[in-house]
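Note that chain A is present in both complexes that follow, paired respectively with chain B and with chain C.
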Partner chain A sequence: MASAFDFPGGIYPPERKQRSNQSALIEAPLPSRVTLPLQQHSGQPARPCVSAGDAVNVGSVIAKREGMISSALHASISGTVSEVSATQITIQGDGQDTWQRLPSLDWRVADTAAVLERLNESGIVGLGGAGFPTHIKARVVEQHAIHTLVINAAECEPYITVDDLTLRHSANEVLEGAQIIAKLCGVQQIVIGIEDNKPEAITALQHALPDSQPVPVELSVISTRYPSGGERQLIKKLLDINVPSGELPADVGVLCHNPGTLLAILHAVRDGQPLVSRIVTLTGESINQPGNRWVRLGTSVRELLEQAGLNIAELHQVIQGGPMMGTPLPTLDTPVTKLTNCLIAATREEFPPAPAESPCIRCGECESVCPVALLPQQLHWYARAQEDTKLERYHLFDCIECGACSYVCPSHIPLVVDYREAKSRIRLQRIEAAKAEHAKHRFEHRQARLAREEAEKQARRQARQAQQRRPANIAAPSSEKVDLRGLRIAHAAAKASVKKAEKTLARVAQEDPKQSLDDLEMQLATAQENLKAAELQLAQAREQHSSEESP
Partner chain B sequence: MSMMHASTVKDAAATSLPPTANLMRWVMAATLPGIATMSYFFGLGVISNVVLAAAFGIALEAAVLRLRMRPIRIALNDSSALLTGVLLGASLPPASPWWLIGVGMVAAIVVAKQLYGGLGHNPFNPAMVGYALLLVSFPTYMTLWAPPQELLPNGLWAQIAGTLPTAQLDSLSGATPLDAFKHKGEAVLASEFWATNPLPDGTLNAWRWVALAWLAGGVVLLAKRIISWHIPITMLGSLLLLTTLFHLSDPSHFASPLFHLLTGATLFGAFFIATDPVSAATSRRGKLIYGAGIGALVVIIRTFGGYPDAVAFAVLLMNLCVPLLDLYSVPRTTGQPKAAPGTPREPGERP
Partner chain C sequence: MNSSIDLIGVLSAVAVLTGLGIGFGALLGVVSERFKREDNPLVEQIDALLPQTQCGQCGYPGCRPYAEAINQGDALNKCPPGGEATIHALADLLGREAEPLDGEAQSETKVAFIREAECIGCTKCIQACPVDAIIGAAKLMHTVIEDECTGCDLCLDPCPVDCIDMLPRSAPLTQWQPVVARASNMIASDRQPASGVA
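Then we have the complex of A and B:
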């Protein structure tokens, strides 16, 4: 199948991959000291389970998963834990490189739960850049039937050659890793999407394809165009499926994985080796031995670049990630994490500072390159004016922040920066609004609880009075006319609102298990309190009513 | 955060749009064939128009920026005021008096552009605002289109200085082909009209050459991707379609499509005026409607309206429609649901 389906827009920036894909993949020297941040993944940071002075081996768990979306962390060198802070763990190496592996697991026969648990305890996260914990991603089958696994080897950003080198060296293993996920999620086909600027990786894959069993694998070579490696763009291009706005690929039955992640999965399952190292592209004009390295997590960026021949005099900035979506590092004394796929040590000439911004002349060049068919020129206008309703109407949140619009803008407007600011501002407002709503619901709950308590008190008092009255056998003076009909209606309404709250809670919990449900639970509790109070009042009124009629 | 920019990388595979200031300069460069051809046929008065208008443009822009307390050098550097001057200068009758050009440029730069907030904020095409104002206010001068003549006509300086007596103006003026055809009278058939040789020698020919020179400039802009094809093609398309229909229905009273295409400001307007991105519809779909609208309005005004040419009014009228076009021409964002046919939309709910 040729890649016949296209996403709109796209750009052709200079690739500059030659610089790092010419030399073979090698191991970086063992660092003498590593610093491991507790947050190397999306979700909550891990919780340390070692303390300073503890001896660790490579692969020892040093921090455990905390909460639903989180991932475990392992020592990447053997030695002694020298410091445990609120954000990171530092290990002083002993130079021995003693390993501690988990037992090997045969994924062909092992049961799903065991493999899932292995992914969980191995701390595997998506190595493409987002860092989503892989075991959580694999559990999506509990909600969605997955038919296709896409191996995202497009690697469309300039400079980065991690996937290219991974596939050249370990095509067989990557495919086996894919088979593990395929078995885990019950997919029917595996599709590899790779840009045609990686001929050697493509050849390696073609050689490896016949051995890949049992799920059929299809290799789809697509033309080079940024951002074809965007998850949604690739799915559109390979399968002609549009992932609806606000939903995930899993909602349309597709799962996307990066070759590096699949390799890590195989290492975890087959070799019992947790995620302690990854491949990093070292490139840029300021280093003289560019290439890809297996790097232990926590290695200092400065150390790594110096080993690659860093020319500090020429260095202008180091960019983590690609030049389109990456970020400049504020300091070189920062560790390589699970998310570091590329380090570009750039000279000033390599990425000249952008010329001064001039006004938008609405030329529409940004529109013609936008891969999600937005109108970036209009978004720009509304973002600067902080017109948030307009921004949402023009689908700001569908922006994938690929930077194609900024790249072509003849007025040098940093469009993506504007969009990110607008997005975070709107998100903040939403959180504030949710908080206010939650506070309101809490107040309502308190009111309902007080009302219910009051009704109970009333009921008790009435019961007491009735007991006292019975011997005297005097008809109770009907102090007020009882509105039985009104109470009955109120009771029915309270019952309905409990049902409604229950239904909403169930629906939301099923749709999105990750979402926080406290607010909905609170609303349900409020409704239940109201119902109880209504029941009590009704019962009381009925009794009063009957006692009035009977004598 | 994008570290790369198309204008600063030298090893990009595809050609990219030049920076905004260079865009303006490219457009100016593309007006050269048109201006040169016009001067060849209508004399140096064309050049004096352009130079004067450009000078007024820069001076007025600088003055207003100073009043608005904005950095002058940066804004002048984008050459947009210069371009407005060149475009207005090229649309005026050759050797227009300096004060006429000055009034036009005040309307263009001060009123239509800077009072709305400067480059990027003007809802109307500045050059056409200036032109329309002059056409309405000073019809005598604006219809004073001399017949083709030598490069340095008699009384050129007096004309530019505005010292020529009004009585003498009429003797200089000749009709443009559009003007002549418009006033031929109901009773006269087109074939009879042309048989009388209504225009001074070489007029029609001169206009055709000028139009072709504008076309050449426009093709350069298209080839360099300075302008997109959407507006010029749809504008010319709708113009040709409508004039063809009219012409076929009654060839003796409606001019031929080719006549409409090659006389007046049709080609100049299609490539240099209607394509001003600031005041045009912004989405590609919107541009198609915008261009077609201009083409249709040009035909309608030329045929049924009071003015022989209509590009300025057509562009301004479509500028007026841009907010509406922008609202209703938003493309469907990837991943957003297709609007089910027949679903009632609340007014103004789109997009």
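Then we have the complex of A and C:
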């Protein structure tokens, strides 16, 4: 039924999945040394909790969650911590592979909080590419009602076969992982979206379907077209729901998970095994044993590719991720992280350097393939001209950077590069603007505080003078006309601004309790300081006024 | 013919229009008094474009006073922390000609750092800081809150022992900007093909 719906645009690049999906899924050899970056997820980097020389087992926590959106990190081999730097932790292995597991948890009877805490302490993040911490994603039910869980097994990018192999080997376990999330989020149905170029995985799922309890699971085979694996595109295709611009799938009651993540969730809950390894596709024409491997996190890419028979003479570049959205690695001495789903060791013939860029001829080809129905050529002009307001008006931030526009461009313009650059420039500007705003509030608060202190000092001085009952010549400086009416107006205005600041603070706090309220609180404090100063000045003027009238 | 009717017509038209003019004039006058704004909205807009370092390099005590001065007709080019970008933004807003920056442009954002071993605890820098980013007390060591410091330099001069340095601010990796080498659109055969890795 579901494939009747469709998203706009899309392209049909050569799939080239045959190279890596022919061999079985195997374990990569245990690395003798791993390098684990502290940031392998979106949000804040983790904070190290070990120091050099500490002995660790597989699964020992080596870095803890820092802040709200962050994730824990675990040792992926047993051995000794050899270095803790600001960005990464290095572990020298002892070759023993001693495990340290958490107790097993029965998700069918365990309470929600315990399962959530398990996901948190196991360091599970979305393994599809974005690396969003799973326990935060699961807590979305606190804000939204979720009715459908979508298992995103479309895997539309060429070369990558991770989800395919995961489902072939562990369809039952992936479905059980889905049931855990379904229970956590109270969903009513699970829908699996898979492209029709993975017949073995589809068969495996069909065998596993009847056993999956208690939430009903529906298998939906869709036609192969890039980028059907985009979250929004898949939701549109399977459920005919449009996720509005600037909103998340959770806003329309849908949650999307990758099969690899669901498998990791099951391992964490059922076996107490934190996220220390993942499946990686090794492919490309430069290696002679392509396939999918279970790889310990932190393994060096060079080591991994050499084990797969890397021909270094033929190698042109290594791409992490798919050919459409992935990034070329500047060096092979980099570790596999939670986000490394595919490594393509490409020859020069396979990925020839992009031809020289020519000017845009406004053919409109990019517009017809854009899956988000944007106007890529307009965005291109505005990005090059740095017209940021126009970029936002043309919804630059809805671009999913799928690369379809660059793929079809007859002028070979690297459109996505332009968009990425423009996005990061605008993001930086927003950060700077927020900082300037913050500094302004602090400056205003300081001015208000100084004014209040001055008024207090003045009041004390006057009190002293009144006490000493000196003759009028001391009071002479204050003989200038007292502007009682002006002060009264200032006092009323200050009172009103305190009320306004209080109201704004209360409204924002109610609307979005997670948002930082520092600046609003600062504004309220500023208004209060101003009110105090105005009150003091008014009281002082009144006193002076009365003393002048009755000398 | 019928010149008298014409005259009445003309007079009545003039009377009606004058009446309307007086009526609406009075209305506008009353409304502008009744809904008078204390602050100038244009000053707010100018202030929003300034970098809010409150450094006083423009000769005014803070960004807001400079915004007011610009509104009164002062030059746009007195803000070194904002640089060319701010001058262009201001010129766009006010419809004025952009002028080259008066003073040295700042190449990077800085942050004040107090060499704590040398600090004598005089509180002079605390009083000078426009954003209350220095903490400490009399005869106790002072330190700068890095996140709040705007890099305005105002704490340097008052320090009697010169123990404050301006250091380049460390930007987090999340604010990293890609460096895109833009090939000039010249002759295609002039360009070198990109070289690979490994």
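FYI, the second predicted complex is superposed on the first by the 451 of 551 C-alpha atoms of A that agree within 3 Å, B and C clash if a C-alpha of one lies under 4 Å from a C-alpha of the other, contacts with A are read in each partner's own complex, and residues count from 1 in each chain.
One rule holds in what follows: a residue touches a chain if its C-beta (ideal position, glycine included) is under 8 Å from a C-beta of that chain, and two chains touch if they have at least 3 such contacts.
As the structure is a prediction and not an experimental result, all values here were calculated from the model.
**Student:** Of the two partner chains, chain B (first) and chain C (second), which one does A:Leu329 touch, if any: first, second, both, or neither?
**Tutor:** In the superposition, A:Leu329 touches chain C alone.
**Student:** Using the superposition on chain A described above, determine whether A:Ile431 touches chain B (first), chain C (second), both, or neither.
**Tutor:** The second partner, chain C, only.
**Student:** A:Phe443 contacts which: chain B (first), chain C (second), both, neither?
**Tutor:** It touches chain C, and chain B stays clear.
**Student:** Which partner does A:Thr337 contact after superposing on A: first (chain B), second (chain C), both, neither?
**Tutor:** neither
**Student:** Name the contact category of A:Asn258: first (chain B only), second (chain C only), both, or neither.
**Tutor:** Once the two structures are laid over each other on A, A:Asn258 reaches no partner at all.
**Student:** Which touches a greater number of chain A residues, chain B or chain C?
**Tutor:** The larger set of chain A residues in touch belongs to B.
**Student:** Looking at the overlay, what does A:Val318 touch: chain B (first), chain C (second), both, or neither?
**Tutor:** Touch partner of A:Val318: chain C, not chain B.
**Student:** Using the touch definition from the top, say if A:Cys363 reaches chain B (first), chain C (second), both or neither.
**Tutor:** After superposition on chain A, A:Cys363 lies in contact with chain B alone.
**Student:** So, does A:Glu421 touch the first partner chain B, the second partner chain C, both, or neither?
**Tutor:** The answer is second: A:Glu421 touches chain C but not chain B.
**Student:** Is A:Arg16 touching anything from chain B or chain C once the two structures are fitted on A? First, second, both or neither.
**Tutor:** first
**Student:** Does any part of chain A touch chain B in one structure and chain C in the other, and if so which residues?
**Tutor:** Residues 328, 354, 356, 358-359, 417 of chain A touch both chain B and chain C.
**Student:** Where on chain C is chain A touching in the complex?
**Tutor:** 38, 47, 50-54, 62-64, 130-133, 148, 150, 173, 175-178, 180, 183, 185, 188, 191, 193-194, 196-198
**Student:** In their shared complex, at which residues does chain A touch chain B?
**Tutor:** Chain A reaches chain B through residues 7-8, 11-16, 158, 232, 236, 242-247, 319, 323-328, 346, 351-352, 354-356, 358-365, 367-368, 371-375, 377-378, 393-395, 398, 403, 406-412, 414, 416-417.
**Student:** Flag every residue of chain B that touches chain A in the complex, lowest number first.
**Tutor:** 1-9, 11-14, 16-23, 74, 78, 118-121, 228, 277-278, 280, 282-284, 287, 326, 330-337, 351
**Student:** Touching residues of chain A toward chain C in the complex: what are they?
**Tutor:** Residues in contact with chain C: 39, 87, 312, 315-318, 328-332, 348, 353-354, 356-359, 417, 420-421, 424-425, 427-428, 431-432, 436-440, 442-443, 445-447, 493.
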